[in-house]
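Input: structures, listed below.
The following pair of complexes shares a single chain, chain A, combined with chain B in the former and chain C in the latter.
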Partner chain A sequence: MTDSTAPTVKAPAETFRLGRLLKNLPGVSYILIAMIVVFAVGNPRFLSGVNLSNVSLQAALLMMLALPMTLIILTEGLDLSFGALLGLCGVVIASLLLAGWSVIGAIAAAMVVGLVVGLINGFLISYLSLPAFVVTLGTMGLCEGAALIITNGDPIGGFSPSIQAFYQSSVFGLPTPVLAAVAFYALLWMVLYRTRFGNYIFAIGGNKDALRLAGIRADFIHLAVYALCSVTVALSAVLMIGRMNTAHPTVAVGMEFEAIAAVILGGTSFEKGQGWLFGTVLGVLAITILRNGLNLLHVEPSLQVVCVGVLLIVALLIDGGRKRSVQGAA
Partner chain B sequence: MGPLLKLINIEKSFPGVRALKDVSFDIHAGEVHVILGQNGAGKSSLIKVLCGAYIADGGSIELEGRTIAIRGPADANAVGIAVIFQEFSLAPYLDIAQNIFLGRERAFTKAGLIDKKAMHAAAKRILEELGLDYDTRTFAGDLGVAQQQMVEIAKALSQDARILVMDEPTAAISDRESERLFEVIERLKKRGVAIVYISHRMKEIMALGDRITIMRDGALVATFLRDEASAEEMVRLMIGRSLDGIPHRTPATPGKAILTIENIKTGKLSDISLEVRAGEVVGLAGLVGSGRTEVVRAIFGADPVASGSIRLNGSALKATPDIASRAGIALLPEDRKREGLALPLPVRENATAASLWRLFKGGWFKPGAAEKVCADLISRLNIATPSSRQIVRNLSGGNQQKVVLGKWLAAGSQLFMLDEPTRGVDVGAKFEIYQLIDNLVKDGAAVLVISSELPELIHLCDRAYVMRDYRIVGHLDRDNLSEKAILDLAVQQ
Partner chain C sequence: MSTPNSATNPATKSAGIAALSLSGDISSILLRIGIICVIGVVLSFVSGSFATTDNFLNILRQASMLFLISSGLTLVIIGGGLDLSIGANLTLSACLGAAAMKTTGQPMAGVAAALGCGLLIGVTNGVLINKLKIPAFLATFGMLWVAQGIAYWFMAGQVIYGFPPSFRFFGSGFFLGVPVPIWVMLAVALGCHLFLARTTTGREVYFMGANEAAAHLSGIPVSRRRMLLYTLSGLMAGLTALIYLARVNAAEPGIGEPLLLPAIAAVLVGGTSLFGGSGGIIGTILGAVILTLIVNALNLLNVSASWHPFVTGAIVLAAVLADTLNNRGSHK
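The block that comes next holds the complex of A and B.
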């Protein structure tokens, strides 16, 4: 008997690395390659150093939202409050700086705001089992409203230039925001794939009861995912206000949808804790490159939005088609 | 040596139900103790008391002669009790090693980071002890059911389980995989693990069980050593109920064939042929898991049919549930709460669900017509409900079942397939349902009924087909329809 059943399980062993990689390679990776080729041919400036640095800077902020969004979606959740929270934290930092706070103090205050919002989301979703969509839609309104109240609806400018200086700085010729995004990716990768907390994120999405039965406080872990992710969003506000040198209360509202699109493009599913952190990086790059390339080709902004939507659907069609063919063959 | 674990006079009640009545049960190290019983016999409640999901209302539990308290899953884990439920507790996108050690990664964690190498090596060691050569990096979701089960066993062993409870472990796996499981069970026995094994497959029970305990209606009926009783005797004890005092149905005179199926094959079923005529009640007998439900699902088009022919009133039927229901086939599913009713909706919406297409004449919903249909059903079936607006969830089991029946009456069905029509229904409502079935055939309908209660089947049916291992293994006409005859066919010798 040992011999008769062993081969069926052993097969994946030999093809493990390549097999799993190819199987998990989301449709977006092919689209990404195709887009790079098309845009490079369509406009030679696309591959210029200036433009590539531009693309990576644009990608950096979206990355800061899409990476934590990946963790949340892995728990079969969703966080619609990211964009509004980002705006609120930008406003908080800017107004505290104007009020004479130190840079560190202002950022710490924003992180507290992020923590509180994340705790509210996490508590309602995890302990009270309320649907994440509705809960975070609510906190999205809270954050947006609070930002408008603080600012009376006007952008805040004229705060300490050190934030913008940070955004425009570079280390070894690489823009600091890009390095920050890369470092953030490395950190989250370690957390997700090398720590107990990471294991539990996959387990919450896959089978929360199993985690509970293993004697882990699954609800608390679930809450912590939301809380920690919101704190990282608060930190990202530094990049946002650094880029524009103003804090606009509602400028980031809607970014959560781009972040969600990037996660889904990257092949992470809303079900059972199926997903891949690096896929999200590909998703972010696809969206950013599409926008940038269309800009270079002088496509109207409104049409660009249409293109992002088409990109999302096409990528899902590719993944869905492949999944069906795999199931058909099995 | 005394028993490893002993349950003494365990009691457990829920509002309205005594789930466990004075149950005493013990298990020795290195023994397989089988619990045999029908759905609702109390097996699951007993397991849940063992693993700490329920807290017993009365009685005591002794481990090696010392009284212990199991007040939650953590207590059960601590004394070495592990349960492998039918619903696995694996996370599909964690790999085998991560699943085995879920919640206990601390042993492999250095400076906050998991030492994957050590974890995979440890997982590999445990699997090897079970004689399994799996790649521990495979996602649990990519494993087959049998392999997932092995991973569950490995998980239990890695927690030093001394008492392993398996809930119908062979329900979803092939014979070859089952043999592999039995080998593993033999290994575990040699290591001194006590195994509580829940099943109703007589063949494997007779092969595996050192002792066999039979439960019925929440009480322990008997405990045998393996060779003390025959399979038939055990099944009779498991089912053993009588319908004393119910008048027998008057046999109807059957008319033309309503349903004729020939050599149906599906993923599971093979060679199913049967006929149901107008004005007769035909039974589909067999043990749970013999393929009875699959037959009616295939006829209704709920599961795909690979080959064979289904004819309704003589013309070929390629059914989907939609086509089948419009063609006059009714399915009263086994699980009425999930498949038969929309629980949060009122009686009216449920009762008209299968005939809505008739109430939309001209494209507009006619509330008045629906109300009339519903009021008619309520009085005709004697459904105890304050109004047609009552939420179905609030009705009793028997009245819920009547709503399901009514749904198909309103649709004008002529073939009624009833899967366990009286499960979870009180005695009074049971008789009313029998009466309704009787009225149906008197009006010329054809009825195909599945029941695990043999006396009920014998009472209701004009004749019956008996199933075993997804095949029809026999046909009994009215004169030969007896508990013994059914069991002889249904139980593998």
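The block that comes next holds the complex of A and C.
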């Protein structure tokens, strides 16, 4: 009887916390649940093991692009060159493998390409304060052009099968690419939330001048974000050419749109360094499940892109409407 | 490109608005004409077939396409926005216009479909930016993929070709010995120039691009003006789609996307600042001619077409770099 006061005090606090959590969940989480239910009811194959492993493999590559894109958008930036760079790095790896390079050497070369592109982006955006979307649109042209120049527009195939073997391998029954994406998420989470570098990333988006005045080398950190993210994209090229077993110069152009869409779906804002790394995971899952479900319904890939655009607008409408109702209540 | 531009400096902005073409504008235009002359002289040494009337008209005709798609973009950028959807808009407008013309046999149906599609995409961009408060580059970038996706789905791998001669006149015909697209370019340029320089709304667009908050506080209906700009940009993409159809005589879903980077390059090379509030349509004509000349030079030097995106990307980076340095210089 003496304890009876404790639960009554605790209960409101608990519900309050739960309510706040529900209120803070981005609109995409509800869309995600709704989509899973609809697709599972609509097509029994959706929840089959084969399909789920397919979804997770597709999500892995998008995750490798959307997670670094989250960091860049947190700095109030944008990188439109991701897709073209992914294609270029795939071409670089494939052509170097054909030229007799070792797998490690070819991947290292691709990482150097990614680093150079990231440094160009980062230098122009950070040190010279050029607008990110135009700078990265320019480097998108450079990357797409370089990939076309190397390949003359033709896809490259017939390189060492070890890349595909890596993509298809599994550890403890889980596909290696999925484990790689999960490990990458854990790494980025540590960097973003448990290191000073992560704090600075939020601060660059919040107020870069204040960070600079605090004596931090804000420009260098800003540059490093772009450089590291582009190196990650270069690494992701292994997953892409592993999946297709060919390297096509322009096939990945447009993946930057899905990466950006996933970040925005996850509730990361273009302003003031507001964002949430796990939200991006939800965004990636939403886009991958949408495309997979539409695939099972035999909707053409070109229309799937349209659906991703519509999904983005719906999520923004939900979030915008809720933000307005919160502001109205306050 | 490094000449002081009268309109970039807020202090001289009011003077620029009053008299429009002060020495800064004229010298930046003269600089671009000088660049064109230098490239032209070099090319005439490289190739004997360069300095012929036919080749000049050919270059101007190519430049007219690039100019038309860039003209709407120029208006949007002067107003402080950005439209990345113009290339995909052109694609979808051309495909729908071609389909409408083929199924009805009426050129006017195709014209209505293409212009209607362009207009609708422009209005949608305006609504996304105004009502949903999505940043312009993101909204129009999303629209790029949506319009492109619809175009690929709609065409389903087909190419629509063969249009009536009365329609093809607008792309491949001649009037007074000059190709019709060049006349269209001149008409659109005159219209845009008069709008920007001689109408209150046009001057408000400059003000809005230079300082949106101040424009809003001065009682300028910023949302309505922005809507107008994106609508015009969409409409111009629809018009360009028609000229493209009339010239190439075929529609397929890959036509518009390669035009986005050159269009942005033409606007920036033409001296319109990405930061809004300065520039003009005459500069964009010169920018389009400079870009076309560079492509022409690459072709004359037997450089593979694979190099075009690389070169255009480099030009965009150089132009935005020059624009920023120029802007920063005039603020100090």
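The criterion applied here is as follows: the second predicted complex is superposed on the first by the 307 of 330 C-alpha atoms of A that agree within 3 Å, B and C clash if a C-alpha of one lies under 4 Å from a C-alpha of the other, contacts with A are read in each partner's own complex, and residues count from 1 in each chain.
Here, contacts are C-beta pairs under 8 Å (C-beta built on N, C-alpha and C of every residue); 3 or more make two chains touch, one makes a residue touch a chain.
Just so it is clear, the structure is predicted and the values come from calculations on it, not from any experiment.
Applying the stated contact rule after C-alpha superposition, one finds that A:215 touches chain B and leaves chain C untouched. Of the two partner chains, chain B is the only one that A:199 touches; chain C does not reach it.
Of the two partner chains, neither chain B nor chain C is touched by A:93.
In the superposed model, A:285 makes contact with neither chain B nor chain C.
Of the two partner chains, chain C is the only one that A:313 touches; chain B does not reach it. In the superposed model, A:275 makes contact with chain B only, not with chain C. After superposition on the shared chain, chain A has more residues touched by C, the comparison being chain B against chain C.
In the superposition on chain A, A:134 contacts chain C only, with no contact to chain B. Once the two complexes are overlaid on the shared chain, A:264 sits against chain C while remaining clear of chain B. When both complexes are aligned on chain A by C-alpha atoms, no chain A residue touches chain B in the first and chain C in the second.
Interface of chain A with chain B (complex): residues 1-2, 4-6, 8-10, 12-13, 16, 190, 194-196, 199, 202-203, 205-207, 209-216, 272-275.
Note for the complex: chain C touches chain A at residues 82, 84, 128, 132-135, 137-138, 141-146, 148-153, 261, 264, 274-275, 304, 306-314, 316-317, 320-321, 324-325. Contacts from chain B toward chain A in the complex involve residues 73-74, 77, 89-94, 98-99, 102-106, 109, 112-114, 116, 131-135, 137-138, 140-144, 147, 176-177, 179-180, 183.
By the touch criterion given at the top, residues 78, 80, 120, 124, 128-131, 133-135, 137-146, 148-149, 152-153, 254, 257, 260-261, 264, 270, 300, 302-306, 308-310, 312-313, 316-317, 320 of chain A touch chain C in their complex.
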